[in-house]
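The structure under discussion is supplied below as structure tokens; questions concerning it will follow.
Chain IDs A, B, C and D follow the sequence of writing; residue 1 opens each chain.
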Amino acid sequence: MRLPTAQSSSAGDTASYPFDGPTERLAEKYRRVREQTVALCAGLSAEDAVVQSMPSASPAKWHLAHTTWFFDEFVLHPARGQHIASDSWRYLFNSYYQSIGPMQARPQRGLLSRPPLGQVLEYRRRVDEEVGKAISTMAGDKALADAVTLGLNHEQQHQELILTDIKHLFWRNPLQPAYRDRAPAAGGRNSMPLRFLRGEEGMGRIGHAGSGFAFDNELPQHAVVLHPHALANRLVTNAEFREFIEAGGYRTPTLWLAEGWDTVQREAWDRPLYWSTDMHSAFTLDGVQELDAHAPVCHVSFFEADAFARWAQARLPTEAEWERRAMTSRSDGNFLESDVLQPRAAEADTGANPLQMFGDAWEWTSSPYTGYPGYKALPGALGEYNGKFMNGQWVLRGGSCVTPRDHIRATYRNFFAPAERWQFAGVRLARDA
Amino acid sequence: MRLPTAQSSSAGDTASYPFDGPTERLAEKYRRVREQTVALCAGLSAEDAVVQSMPSASPAKWHLAHTTWFFDEFVLHPARGQHIASDSWRYLFNSYYQSIGPMQARPQRGLLSRPPLGQVLEYRRRVDEEVGKAISTMAGDKALADAVTLGLNHEQQHQELILTDIKHLFWRNPLQPAYRDRAPAAGGRNSMPLRFLRGEEGMGRIGHAGSGFAFDNELPQHAVVLHPHALANRLVTNAEFREFIEAGGYRTPTLWLAEGWDTVQREAWDRPLYWSTDMHSAFTLDGVQELDAHAPVCHVSFFEADAFARWAQARLPTEAEWERRAMTSRSDGNFLESDVLQPRAAEADTGANPLQMFGDAWEWTSSPYTGYPGYKALPGALGEYNGKFMNGQWVLRGGSCVTPRDHIRATYRNFFAPAERWQFAGVRLARDA
Amino acid sequence: MRLPTAQSSSAGDTASYPFDGPTERLAEKYRRVREQTVALCAGLSAEDAVVQSMPSASPAKWHLAHTTWFFDEFVLHPARGQHIASDSWRYLFNSYYQSIGPMQARPQRGLLSRPPLGQVLEYRRRVDEEVGKAISTMAGDKALADAVTLGLNHEQQHQELILTDIKHLFWRNPLQPAYRDRAPAAGGRNSMPLRFLRGEEGMGRIGHAGSGFAFDNELPQHAVVLHPHALANRLVTNAEFREFIEAGGYRTPTLWLAEGWDTVQREAWDRPLYWSTDMHSAFTLDGVQELDAHAPVCHVSFFEADAFARWAQARLPTEAEWERRAMTSRSDGNFLESDVLQPRAAEADTGANPLQMFGDAWEWTSSPYTGYPGYKALPGALGEYNGKFMNGQWVLRGGSCVTPRDHIRATYRNFFAPAERWQFAGVRLARDA
Amino acid sequence: MRLPTAQSSSAGDTASYPFDGPTERLAEKYRRVREQTVALCAGLSAEDAVVQSMPSASPAKWHLAHTTWFFDEFVLHPARGQHIASDSWRYLFNSYYQSIGPMQARPQRGLLSRPPLGQVLEYRRRVDEEVGKAISTMAGDKALADAVTLGLNHEQQHQELILTDIKHLFWRNPLQPAYRDRAPAAGGRNSMPLRFLRGEEGMGRIGHAGSGFAFDNELPQHAVVLHPHALANRLVTNAEFREFIEAGGYRTPTLWLAEGWDTVQREAWDRPLYWSTDMHSAFTLDGVQELDAHAPVCHVSFFEADAFARWAQARLPTEAEWERRAMTSRSDGNFLESDVLQPRAAEADTGANPLQMFGDAWEWTSSPYTGYPGYKALPGALGEYNGKFMNGQWVLRGGSCVTPRDHIRATYRNFFAPAERWQFAGVRLARDA
């Protein structure tokens, strides 16, 4: 069974963050985002959609069902007093909400050959129909609008995961199938010199404020102290990361955090995930392609980002340094919509403005993921969305080439464990000034 | 994608073991066995066919491809000097033949969303066409006939595994889907009293002799000494096993082998695999059904069979005791062809003849799996078929309700590790006399 | 072989932190600290001193040797150009300094029945003699004085570890031997009401400044923003923690960080480490004793501290909140020198001053352990002392009942992984104000 | 604390297997065997005696206590109605007798710094005194004599284990201390050609019969069929095993059982345990010594023995083949009493008689360890001695250089798991004839 291609899902939709328009806009955005998820799976067979490549990744079918369950649980159930999903489906597609009830263990999401993909798509249709009705009949209901908006932002997070997870699955298959068959980009832009741009100093404010949507972990806006520093004008490139490798970076323990070094040894890491052993090509969503020397390095763990920075006599930015700079940076970039699906070399230098702050690759920061001062988790089950993961992870900023453009903003905080590499994560250097 | 139903695959075919007829018979048998494999998968979707439920089990698609690879490698390559499969497919579908080359690691067979099921079925068709040609053009070539015959016996082993593996997969799915939807059998035969039948004593011969097919592990026929003993007239029933449970069998360490007791503790075993917690129903290929008290207990490990026997003040038979008795026993029984797909209560008593020697459930013996005196593995890669597993496993005899009838014989030796439970394995008691 | 009792090692020694006196004072302090380490082992047999109870803990003999190696490596080798230890001893007693060379793997420190304890003590004597000479002949050599001072602070950290590690070892022994035989303290102080004391707000500075010793992770002093908050006037008591347990704290997933909840499940935690199942007694260095309801709860992980705080509708303090308050708090307390070796109930209320800021139990903070802005690791191998552990750990403050008093200060940062429980770690609550 | 040297423990004692003399002889043997155990520990410090080097090995102190517990439990308790050991000691030093009660888990025997070695030795003295009294006052009590005799045989098994376990511990210590300091043997005997000696054919009997002591697993004597075969005249030498290595034996998967090959890969085996990387020296109880090319290879697993035999176009003997030949072979050899503590090159050829059947190195057989036909475990707790291990292990025969001479006999069956290498186990080849 093949998934249908989305019908011109983005045509004419101009909704931009922050969402604050009238009810019609929400209905439109709902349709657009939901269709986009299905469209991303259009090239996948039912077989591709059921397999789980590792405990951290999920099958595409599960993503399709779980994002729908989210609306069923947090929009339809409050609005209608009942779920569309049966109890067993609610068990299967609850991700980690203990308040709601028990759930299929994450490492066992790949066992679910049933329900079949067709039934999951039918579930999507029924939920979409009901949510559509709810939006139109309950216009002005703020709780509903908030829940739908949260659901759409949640869905966009899973859109990115669908791509990261399918990339990992195809890479683990010895046949190394491509997600799509597209000729490699022209590439070959020139190298842009790395420069450090002096950052703002003193007291400043970070975190979300205003009426637009934000996750609870972006709140509240609060004061921080910025110490003298500079940020690199662009992301670290494949060529630069290759220099680190050639200089023995993966064999020099003093460059690494202790747990990072243990990981390097245990996992026998000697290059970024997806790089070929020849160090000049890599597996991409378009199959194995030559590495563009000037494109940002990607699929490195926090440990590798941190070790690279130490080798380069620099460090990673703090999230405050990053966010203050991002507020005044261009927010366009190489996102999902550019349809490149891999990081791209930076354009010609723009002087004092850093490039690639948004899109291309998530940027590891030197900030552990914790709650901001005064952080309050959402009430009820949604309080489990973010807060309970504030341990053992590091913040990433800026979105990537597989992030929907209108999903991201300067205050957005992503987070992953320091040894994870299957996300599109790269490196921006910083320095004390 | 659904697999086609086999067209009247068994109609009119009377081939029976041992196979020793002319060339046409081989061609017919080839077609019949190969079609049977596909027919067993007819109710499975492509999604069902790709998932691996545990490292010991394989996806149905992999079984379909691997059995075909076997003919490609051991029949077509010798006959034609080339393979139909590409090198990468040969890597994927080689099971464990180190002589042939590296292979997809067993626990990772479930990653293979590609090649798609359709291509695997096409591979089957191409190989079938070529094997058909080879059989007809090389009539009289003994090496070819031997290789085809081995391949068919190999295929029948995988037919059984397709059913055991899909049963396990569906059981691990919280939806507990059925392989097929059939009303439970009438059941309710009466209980047949357990009696011990005195066995043969003194010198005897076991192992295969004659012109028919046998695996290398059944050879050579050789003398053994039979000590005074008796075998039970039927298999141990669900009701009897329930008595063992109620008597605290799973909580009494002195009934168990040391490693068995460790397993009971670690895995928290308290009943056979697939039994419900109510102890009166079980998961079957037809979904959860009431347990027939008089049907043979099934899906028990060697450890459980051995502990049960000790509790019953008996022991398991040796394979020599079993085989000598089986030679003169009725060889019909509840096999795959009876289409019950679960063990069935024994029929009315037949006096001195033991029942259920063949079919229903594999019978754990007290014989570790080793080579017979003078055992020689087949030459070349096929030498890896059996010999290298002669360590840490126990012999089972007699076939089960999911074994093809013409696959089994009195000398047939199956073997599994002592903690495995997903096979249709049960218990026949024996005693020193 | 019994270790000698230290001869009145602390008599008449008035050295107090910060150390900044003349050469004689350093020599004195060296002797005092070094003797104290041996004295702590006086009640241990050679057998007690060789066993390792878990990978995170080390044998007492290893601590005795490693602290000595530290002076050999970082004081004597630079000063004399050679080590006293042979290469094989340097391998054995290097802890984690990759710059220096390979080392005995941490989980295998318990294999070292050789060298015998006597030789390790002899090694201590030789090193002490040489360090003593170096101090007296190189008076005024700042590098030497700094290295000795670092070594003494390092040694004091291991004094605490000797006690935490031997407590764990004796607890794992079914005989539950006591480290010493002392009657339980009178206990029975009254309960002091829990109050929250409003903290300082706005910009402030934390981190070490001035001439006294500090570890590199306390540097540099830097500005922070303090948000409105209040700190509890004392530590959480055993009675309060028992309420949490009785209220189902260990069975309520929504109170826990996700990884904390996983740990609770996997490890079957239902009470603090060392508590008896009766919830009213606990294993101590004096053997099993009744729990003092009003004494601080101890041996809880970060996960438990965090879950308790959430249950109490509070949170843990940040390290900045803690440090700013500690600067103006009484720095005396229940330290190693009080010889109680377990936390003690707080004294009568002192109004606006929080109690138990120092000593009794390390206080888990809500601050992940990272480098301060502008943090620079020490040059050379000593750069591995702290910096490489800045990942996946949380900061603890204030010292404990087994910390030497002159080892601690307001800027002192300890750190442990969030699931560790064998340290003397407790809980102070904080709240947003 | 040092253990006392045994006082001329073997002087004048002529007791030889089978034991069937009057009461005085039992008392004498008791004293001799018990003293021998302590004498073997004479060179060990209390530190050496407490450490456990791996889960399969036990500390010497534990061996000293457990063997004593055995008499306490199976001799004194039945005779006197009470134990000398407290309940907690009975917990600590019960090995695996579930019938008696719970026990210290095997992998945690190394945690027991308490009770101290001195108390264990005192326990030995008290038990010895009481057993001595019982023997003298209950002369003629067969149950007592049987229990004492079993206890002595049990003790001798642990004597061997004390040496194998301490060898492993010292080898894991980077200092590689020697158990004793003895100059290497002269070595240099000439190479004796390998010849195969035709064995007995047809029906024969194996297993113990007669009045002497035997373990239950040697019973009952029973008929077996011997197929045409030949046994090598001596054990495989270090030089021969080196040829196997040089021929790529450890890199050729087809030589290995499947689980053996997995083990080779996982453990990176490329030579016998204790061999140095230079392949010409090895760690021994006398420290690292040059390998004697003509001495038997030792410390190989069943997997290695089996792979070597396959490479040599031979196989391992069955236990029946071995035992029938051993009945008529010289029973002297290189045992513990020869005090060499390592295998020794075979003496000059003796024609039709195989050499080294007893002593030097345990000989792996091709026989899985199971009960003989009609096997009955001893009644009561002693039934756990042997029977529950009849799974997953292989039989070894003949004793080794660290086996007490009067412990061994032609019917003696030792058994170990196929990947274990720390026992003194070697290889004798056999062939079908």
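Please note the rule applied: contacts are C-beta pairs under 8 Å (C-beta built on N, C-alpha and C of every residue); 3 or more make two chains touch, one makes a residue touch a chain.
Given the structure is predicted, the values throughout are model-derived calculations rather than measurements.
Asks: By mean C-alpha position, what chain is farthest away from chain D?
Replies: Most remote chain from chain D, centroid-wise, comes out as A.
Asks: Distance from the CA centroid of chain A to that of chain B, rounded to the nearest Å?
Replies: Spacing between the chain centres: roughly 47 Å.
Asks: Taking each chain's centre as the mean position of its Cα atoms, how many Å separate chain B from chain C?
Replies: Chain centres of chain B and chain C, defined by C-alpha means, are spaced 60 Å apart.
Asks: How many angstrom lie between the centres of chain B and chain D, each centre taken as the mean Cα position?
Replies: Centre-to-centre distance between chain B and chain D: 39 Å.
Asks: Indicate the residues of chain C shared as contacts by at least two other chains.
Replies: none
Asks: Taking the top-of-page definition of touch, could you list the pairs of chains it picks out?
Replies: Inter-chain contacts occur between A-B, A-C, B-D, C-D.
Asks: Which part of chain C faces chain D closely enough to touch in the complex?
Replies: Checking each residue of chain C against chain D gives 1, 45-51, 53, 61, 88, 91-92, 104, 108, 110-117, 169-170, 172-175, 177.
Asks: What residues on chain C touch chain A, complex-wise?
Replies: Residues of chain C touching chain A: 96, 98-99, 203, 222-225, 227, 253-254, 256-261, 318, 366-368, 370-371, 373-374, 383-384, 388-392, 418, 432.
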